[in-house]
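Read from first to last, the chains carry the letters A, B, C, D and E; within each, the first residue is number 1.
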Amino acid sequence: MNTQPTNTSEAMDTRPADAGTVSAPLEPGTETQTGQASQAGTASKLARRVRVAESGPRTARGQIGIWAAGIVGVIILALLPLLNISVPGLLPTPTYQPGALQLLSLCLFMAAAALSYHLLIGVAGLLSFGHALYFGAGSYGLAIILNTFGLPLLPSMGLALVAALLLSALTGMVALRVTGIPFAMVTLAFAQAGSVLVRRNPGGATGGEEGLSLNTAGVPDFLVGVANTRNLYWLALLTLIVVFALVSWVQAGRAGHVAAAVRENELRVRVLGLQPYRAKLLVFVVGGTLAALVGMVFLLLQSGTVPRQVSADFTITLLVMVVLGGVGSKWGAVLGGVIYTLLDQRLTTLSQSPALDALPPVLHVPLSEPLFILGTLFILVVLFMPGGLVGAIQRLRGRFSKKQA
Amino acid sequence: MENNIRPILSVEGLQAAIDGSQVVESVSFQVPATGITAVLGRNGVGKTSTLKALIGLITRTAGTIELDGERIEKLPTHKIIRRGVGYVPEDREVFSALSVAENLRLAERDDSPRRALVEQLFPDLVKRANQAAGSLSGGQQQMVSLARALLNENKLLLVDEPTKGLAPKIVQEVAEALAEAAKTVPILLVEQNLPVVRQLADGALVLSAGQVVHRTDSARQFLDDEALTQRYLGVQSEPAAHGNGHQMPAGGAR
Amino acid sequence: MSPTAPALELSGVSLQIGGARILEDVSFTVQPGEMIGVIGPNGAGKTTLFNLISGVLKATGGSIAMAGRTLDKLPIHKRAAAGLGRTFQTSSLFNGLDVMENVRLAAQAKLGGSLSVLAFPRRHDEASTIAAECLEQVGLSHRAKVRTADLSHGDKRKVEIAMLLAADPTVILVDEPMAGVGMGDVPSLVEIIRRMHRESGRTLMMVEHHMDVVLGLADRVAVMHNGTLLAIDSPEAIIANETVQSAYLGQGAA
Amino acid sequence: MSTLVLLLITGVGLGALYFLVASGLSLIYGLMGVLNFAHGAFLTLGAFVAWEFSRRFGEGSWSMFLLSLLIGAIVGGVFAALTEVVLIRPLYNRHIEQVLVTVGLSLAAVAIFEGVWGTDPQYPAGPAWLSGTTGILGAQIPNDRFVTIIIALLVLAGIVLFLKKTRYGMIIRAGVENRSMVTALGIDVRKAFTLVFTLGGAAAGLGGVLASHYFGYVSPALGGSLLIFAFIVTVIGGLGSLAGAAIASVVVGVLQQLANFYWGVGDFVVIVLLAVVLLSKPTGLMGKMA
Amino acid sequence: PTSDPAAAGDGDAASSVNIGIVYSKTGPLAAYGEAYYEGLQAGLDYATEGTGKVGDTELNITYHDDGGDPDKAVTVAKELIGKDYKILAGTASSGIALKLVEQAEQNKVLYISGPAATDSITGANKYTFRSGRQSMQDVATAGTFVDDLDGKKVTVFAQDNAFGQGNLAAVDALLGAQGAKVDSILVPEDVTEFTPFARQLVDGDPDLVFAAWAGTTSGSMWQALDQQGAFDVAPIVTGLGDIATYGAFGDAGEKISFLNHYFPGAAGTDAEKAMIDSIEAAGKEADLFSPDGFVAGQMIAHAVEEGGADVDSMVGALEGWSFEGPKGTTTVRASDHALIQNMYQVSLSKDGDKWIPELVETIDGEQVAPPEASK
């Protein structure tokens, strides 16, 4: 193959000419030219189908309805700690008590983390297996800074955020040189390296298997202790709102548009005179930095870090949340994050309910394994609810409005 | 030209949907056991979808399909094909990662595939046997696609815009090949190139909005009827000669 | 960049892949405002030529200049930003986005490719207005909200043209714009292309197998054969050329 | 010197184990485009059932050992076939979702294994010879390494023959690209897919039994721990290239062994290798370019 | 076991104290969780004489699965603390235990950690105690296998992770102080092929080997050591795990010198008899971590008995408390809450398919007491 190498100044921009099409003047658009191309297309296919579901009620009225529901939802959520609502089975305690608030905060965080991941997979069609790296960078970064420099919380957070931004920019710049499954694998490799590093406990900095504890010296008192769970809850809510706003902003902006177009057809974007690489990198970095932000606040909530937060497992958990909610939809990511977390946390309780003991072993054994229930549920969603929860809701709505008409 | 031979294909009230949206709305027609039947209509009226529905590539929601006297509307695609249906899809749909030879080998259903016929028709493909089909030019891919259907003995050929993107000379050759094939096997042909239709087609059916709006035993008669072509195809007057003529297209004078 | 520099200038452009010579020593110039028709048998290298000019492929020899500026070192998007636009032989659209969004992206690119997160597309901004106009021109306004994946083949071709209109390039390469477009819609598309060329003085190169269209529109016609440029001359001269007749048009042609 | 010999041969042994796990993965991923996260579960189940079997009917003899290999392969194959028919088939052409159901399956399956066999490892016993050593150039090489290497070679040859001598490889490559067009050529593509999945699962089950002897234990986590290296090997080797996976397995095994022993950085080296290979050749070592 | 959280919280504050047990019922450490749970039941029974009450105060105990997941544990802990729980106890996972230590400190509740071995729990804060042993005690016991350590070469063969590094540091500190030359072979975590490292160990010609190994790879590690002839070079000491892991040592089992946290029957105290009886009555077998649960039961009962519902008084009651536990006399060291307890030397022998442990020696708790942790 003696096609000329790409030019020097803009090596990245000419990449597809090298990677995808060098050996053959392929017709773009026949998406499955090579095995690789077909891989690259898969994430976008996923996102695409969900769009079908979305295109229905995306009317102005539908939009306003969604936003109105969102605002009402936020107000209700903000008031929860002041109310005494019991949801037996779902919440461990009435809503004003720390038990419920802690669980709800966890849900809100996971929703925010899922949202940051949505930016990658839902908007830009980037299937990353390494998103946990940035989440972990946030929580570990902040914990380490608090431990070593003794700075107050806010400057420490700023510092950790900058570090995470640099990390995601650096790794993103490298990983985005490839697409599709290779991209997934390179991100996985980076995250794996981070995970190994954290577990190795270099210089005692990361605490190895055991993780780190939050050094509360620099943290304001109103964020420490169970008595202040309510404040942490509001912090979680605020984080979710901030992340949601930023994600919406990026998604609706030029970069988001171009990233979505890249997801569909990268070559076509270039031919229009736009730069896929930059748009993808921007989305990647914003996604990574937001994940780090969530990770930091998560540290405050849990008063510590564990290596799991940097593991591929955690990324997969985020993926599961996004898929559960419906790929391509912000509300889906939020919903998926909340519901997954509720299930994950509460199934343990459910699986120990004495009622199960009465069942024969064939039923009893699997049902008392929370992961079994979760895994099965997930399979069922993927099989029978394409478009996830949001897709299902929209189908229902579609059916409903058809009936009305 | 009414004939009393049983039609090779009869379709009654066929409906079909893609992802839940109805694209074929109650189509009924018959394909005689000989000759070429053209399917005409403007872009997006459902020509391709009708063909796909016949062999189950999109979901059939109602209606009956009889191939050579046997009901096939419930059969899966591969079984319909094995009963002797050849299909040439609209977008060529060659397997781009496979070589030309592999594409053709994959299509061989019979014990004695008609390789010679194909090689004689498309010598270019013999030269390029080991080239990845995805790297072929558009026209070459079209040849692969056609060849795949011509390799086997069939009871019926379904051919969707076979001349699209072919050089005029090849268009002629393909048209001749189809005419040749039509001597032994009936063909249901979707075609936008009206001169080719005029040259090849015996009967015709015209679709509009997912329905058959006109049926004729003589495609030529239909094409000659300016009112009809204007109404159903939007064509002012169909050029008399083959598509390779040098006349300005309508409105194309400069 | 003198105003008299040719819109496109190819000198000795070649492409080899493995041992195969796909294009060999192609040289010609296109004057600003000129319309060149490109014809040639399937696999002659027409699409490849477009791929080299637009940067989708890198030439292994020779050089290409646009308006006096060499393109050889420019990546695809810079060539596009410099005013080069193209369509694809097989429609290449943003399948998951709707028709409107597809066209609006093209308009956005034209209006300035800034990726600033601060730059918001408003619901009725300039890009949307342009996009709506372009859709109107190709007659697809009624399908604005349909995902391009769900369009019929012919409608996709029209979206390609609409995107071209929205991107508003100065040098345009169109690859078989009429393939798969119903006869009834050909005249209006021809008219759009003519206007693009005539009224705004843009430079166009068009690959097309519909001879009527090529001959009706082009100032000069380039004939490709086996990866070489066989001839480039006035339509009349090309028609009279015997090699063209036998290699491309076939006996059936006048 | 003898240390180096030891490192090299055990490195190849490790590579052989990686290949046994990766071969099925690579077959499925390369042909069908499904990155099968449940592969580890196939493997674990094969190992568990084979262990149960030999525990009940007496372990320690060669015939029992060979029989347990066979059982592992059958169990892996049947589980895989069921997976394909029930979970993968309804999602054809939707690669990401296929990956996702396998993720779900791997979660659920591991949980079930834990429920049935507990979280503690179980310890299989093979023929006594397996746990002995053989001296080569002064290095005492554990015997089970040789068995692993030989079986890996047999599996490689078997799969290559299958792909060369049958149309299935072609059908599936075509089917992944455009499934409906394959059926429109009159081919029942579903059968072919199930068959490939079954073969992949059988290779996994076989690998599971061998892995349980190699590591000396079976536990619900057995498969998962091997899976990530199998992924890496598959991707480094190149999509769909079995030979690539074989070469990558050996390279990764030996490199990891050396780097671990001398610098303690085996994992990092493998990860760097993956990144470097993908960045310089996104299709992997032997991945096809067109 | 009652597991009705609603029952907790209400009722007369003086007559009941809420106690939350957070342990792994599921997840990777479920086996340890079960041993702990059974021991705890026995211990509570023993300490309350079957009444579930100390004096007039009811011990209102609820049980919570952490599934091995620190996030879940923290959520549960916060929930419980929010519901006015005064005592938390449990968990075999050091990572989870440290998170609970943190919660205890922030919220001023008593926390009695379970089998988690990490040394950093000791002396972590005022509110944290432990009911099991810690790594330092293991290491000190290992040191008792050689009569005079002065000038001997001790090689630590361990995984290169927090556990292995911690053990190395402990050996260095404890045995190094007794004059041993300590070196180490730290095998990177995730390594699965140990033959070359075993070779390296043999080539180093040590006088004593301390192997600190956790997890499923130990089977192939021991096999590699055996295959390369490491046992012919020096005694190799390691901790004996729970019964389920006896098989992991394979053929090497009879050659290893084991240090042991708990050997059933060795102490022969009333408490131990009660524990073993109670566990066997439940159809189980006393295991490595049964005493951790039993002692936790004793400590909880004692804390409530002396301190009522007041956490500071509970802390005061436990500090310096010495009692008869299932391992003999056991003392909560006042300064750092280390639990001073006897340790054992044990060997394994094979009897048909089964491995039978045999007691070699009981090591006095004071002899293997960890150095005091600085607060």
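To be clear about the criterion, a contact is a pair of C-beta atoms (placed from the backbone, for glycine too) under 8 Å apart; a residue touches a chain by one contact, two chains touch by 3 or more.
A quick map from chain label to UniProt name: A = Amino acid/amide ABC transporter membrane protein 2 (HAAT family); B = Amino acid/amide ABC transporter ATP-binding protein 2 (HAAT family); C = Amino acid/amide ABC transporter ATP-binding protein 1 (HAAT family); D = Amino acid/amide ABC transporter membrane protein 1 (HAAT family).
Quick caveat: nothing in here was measured; it's all calculated off a predicted structure.
Chains that touch both chain C and chain E: A. Note: the chain lying farthest from chain A is B, by mean C-alpha position. Between the interfaces A-E and B-D, more contacting C-beta pairs are found at A-E.
Taking each chain's centre as the average of its CA atoms, chain D and chain E sit 37 Å apart. We define each chain's centre as the mean of its Cα atoms; on that basis chain A and chain D are separated by 30 Å. Distance from the chain A centre to the chain C centre is 41 Å, each centre being the mean of its Cα atoms. In chain D, the residues that touch at least two other chains are 114, 173, 177-178, 267, 288, 290.
Residue positions 17, 47, 89-90 of chain C each touch two or more of the other chains.
Looking at chain E, one finds that residues 26, 160, 190 touch two or more other chains.
Of all residues in chain D, those touching chain E in their complex are 2-3, 6-7, 10-11, 13-14, 114, 118-123, 131-133, 139-142, 214-217, 219, 221-222, 257, 260-261, 264-267.
Across the interface of their complex, chain A is touched by residues 30, 33, 35, 87, 90-91, 93-97, 100-101, 103-112, 114-116, 173, 176-178, 228, 231-232, 235, 239-240, 267-268, 271-272, 274-275, 278-279, 282-284, 287-290 of chain D.
Chain C makes touch with chain A in their complex at residues 15-18, 22, 47-48, 51, 54-60, 73-81, 85-86, 88-98, 101, 105-106, 108-110, 113-121, 145, 147, 149, 163, 167.
Of all residues in chain C, those touching chain B in their complex are 17, 39-44, 46-47, 89-90, 150-155, 158, 176, 179-188, 190-191, 194, 209-213, 215-217, 239, 247-254.
Those residues of chain A that touch chain D in the complex are listed here as 1, 19, 22-24, 32-36, 38-39, 42-43, 45-46, 49, 127, 174, 177-179, 181-182, 185-186, 188-190, 192-193, 196, 312, 316, 319-320, 323, 365-366, 368-372, 374-379, 382-383, 386.
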